[in-house]
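The following pair of complexes shares a single chain, chain A, combined with chain B in the former and chain C in the latter.
What follows is the complex of A and B.
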């Protein structure tokens, strides 16, 4: 798979269709995001496979946004998995990236990674390398809904109490790009105090992810306290789907019902 | 609904309240603690009635178990 990806990147760079490609590199035994600009410099390119396939993932779109803000006229390539491509669709909708300034190099995730991520769509629409595998059915939200109210209360209270307010969940999230963050607004969230404001801190973030989260799972992976954050956002997604028939990142020209000026659209 | 001073503001709020109330429930918090109603600034009696009704719902629920201790409570 990596050879096909390398060929594709090399072609994009040599024919001048892109100024650079945001992908992953292996350097000094570590995987890190990297901007490749020369076709004869692709040796360190990797797909983030260390112990298991794709176990080192990064929010490459986030890196791309930073670069695109500096070089708005140029076209860049980016390595995308299914989740990353969903993220791009949302970022186009929110005017953070321009579709005609981005070229994707899409790779499908192997079944093992799809399982580990509980991913509903482990491949991008525009596939360059890899074989599409089946999406995984998710169970977590249902299990939580089946518990009674007081059980849910103590579950989340315990989870939220573990938060050390490191903001890692926000910082890693490819859908978090705001220059000013509500989680740092002292009218909502108290500063320098632990435990966090329960449930305000986590529900504020959840509400902001309502029509954005593309279920990549990076927040879950990042949280040093092991709070099942993604489960919260899976629930917001489920509500959005049930109430408004909306799933974020599923199609390229999507519109969020929350941003429509007016009542919720007919399903 | 279509008389909002901010044009579509209440529609936007309503959609978000729909989501938030279900999120509260998901986190084990009684969703009756959250309520959104539209009352114009010229409708004082309606406002009083809404609030009184809300109080009747809230009283039996009691203070939230998540209420933070303020410095006053501690002293």
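What follows is the complex of A and C.
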């Protein structure tokens, strides 16, 4: 798979269709985001597999936003999995990236990774390498909803109590790009004490994820306290889907029901 | 570290962080783990989810105490009594690992005699913890198949610091919870590289890898490597001894690297006086700290992002750090500063890179002998790693084979802190950290977002005491000890017991270390930062 990806990136760079490609590199035994700019510098390119497939992922779109803000006229390539591509669609809608300035190099996730992620669509629409595998039926939210209410309440209270307010969930999130953040607004969230305001801190973030979260799971992976944040955001996504038939990132030209007024748009 | 070295022969975290996930019981004492070591806490949370029991003993109910199966709030400075009471119960209930003790330890009888002469009731009285709780604590730790101890400065920063650590070592040996995966006695080191600094001989009595300066062989080896006839065999000075030396005119110059004693050391007003007195004060740091402001010469060093080299973390893991940006402004690599000064003093140093220095370290330090930059790619290596083929050592003292040979029991009796409360100074005061700041705030208080979280110091006080003093949350209070006084805002909370107050030590403007006691442990020379007597009045 990596050879196909390498060829594709090499071609994009050599024919001048992109200024650079945001992907992953393996250096000194670690995986890190990297901007590749020359076709003959692709040696360290990797797909973020260390012990298991895709166990070293990064929010490459977030890196891309930073670069695109600096070089608004240039076109950049970016390595995407299914979730990353969903993220791009949302970022196009929210005017953080321009579709004609981004070229994707799409890879499909193996079944193992899709399962671990409970991913509905473990492949991008525009696939360059890898085999499409079946989406996984989501079960986590249902299991949680089946839990007795008082148990569920104490479960979440317990989870939120572990938070050390490191903002890792926000900082890793490819959908968090605001220059000012509600989580740092004293009128909403008090500061100076741990645990953070329960449940305001985490639910404020969950509310902001309702029409944005693309279920990539980086928040879960990054949380030093092991709070199952993704499950929380899956729940808000489920509500959005039930109420409005909306799933963020599924359609390239999506519109968020939260930005519309009047009758539902025709499908 | 001195306590563990005496008991086991090696002064470092005995087990690896990840092993905490595999244990059946975790006993945290004197560590605010969730807030100050979140990545250790991650493993502890995972262990809890897998069914491990968590026991927390701390005078202040910190964040992780909220997750404990049993939380014990003993009085500050009573750790030895608590641990001896606990071990008394373990022995009475037949939970001691007699086979392990017989095969792998020595001086058990003297230790046992000390415990025999002590009662759980006495422990209960001293610690202000019920007999029932001490029994529950002993059973939870003693009955676990594999149990880990985690501790931090709440154990060490006492005049009894070394005895506290030796007591924890006793506890682990008594139950055979040492030398196996998921067990051990695990001090959490505060700085990312404080383990590395100690490993490199940043102590007055040892060369790298804890080779004593008083030992002829080590001395000869280093003299040979550095091309000199001989090296001094006398032990150097600890910080309190340096300050005393300045006062007696025996120490004329002081070179402070990456430390901020004006804020971090006890009896801060006195520290300031001493630093003003010393003839030449050189401070090497990345910011102009309150200590640097007193300096005759400031040498700008570099931050982690500007340097190449290695760090050794709390679990003895040696890891590479790589330069991300060039040194800012006039700053220089710390090793280059030292090399330049050495050269001007007439001792030639010609290292051309951190790797060059590392190769010398490996050649002179048996525990680092097998480590090279090449082998440090990826996750690094845990020492001891004596040879090129050695895979590193996740946990020490395997199968009861202690570094010093046999594990040494110490008979430890309880001694109160150097300063106890009285009519004039009726409150126990203890210090610690908060989540948004690190140490004296040299780095964190320069961060806009962290300063936003917690911009000033505060004193935690129990609602009962606040009511008696007729003071509201957020108001100012005057706090004084025999050494100094400060005015600070208060936070009313039942995290602390009535009669006990807590204050973070990050803030220069409300520097709680003006009040703390410089009395120190006779062996480790660590000051009693964690307990002193204070009085409070409305400001």
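Criterion: the second predicted complex is superposed on the first by the 260 of 267 C-alpha atoms of A that agree within 3 Å, B and C clash if a C-alpha of one lies under 4 Å from a C-alpha of the other, contacts with A are read in each partner's own complex, and residues count from 1 in each chain.
Throughout what follows, a residue touches a chain if its C-beta (ideal position, glycine included) is under 8 Å from a C-beta of that chain, and two chains touch if they have at least 3 such contacts.
The model shown is predicted, which means the values in this text are computed figures rather than measured ones.
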Partner chain(s) touched by A:58 [first = chain B, second = chain C, both, neither]: neither
Partner chain in contact with A:184 - chain B first, chain C second, else both or neither: second
Touching partner for A:155 - first (chain B), second (chain C), both, neither: first
Partner chain in contact with A:233 - chain B first, chain C second, else both or neither: neither
First, second, both or neither for A:210, with chain B first and chain C second: first
Chain B versus chain C as contact partner of A:262, first or second or both or neither: first
Contacts of A:89 with chain B and chain C, given as first, second, both or neither: neither
Which of chain B and chain C A:76 touches, first, second, both or neither: neither
More chain A residues in contact - chain B or chain C: B
Touching residues (chain side chain A, partner chain C) in the complex: 28-30, 158, 161-162, 164-167, 184, 191-195, 224-226
In the complex with chain B, residue positions of chain A that touch it: 144-145, 149-157, 197-199, 203, 206-207, 210, 232, 235-236, 239-240, 243-244, 257-258, 261-264
Of all residues in chain C, those that touch chain A in their complex: 34-35, 38-39, 41-42, 45-46, 49, 63, 66-67, 320, 322, 377-379, 435-436, 449, 452-454, 458, 491
Residues on chain B engaged by chain A in the complex (per definition of touch): 1, 7-8, 11-12, 14-16, 18-20, 22-30, 65-66, 68
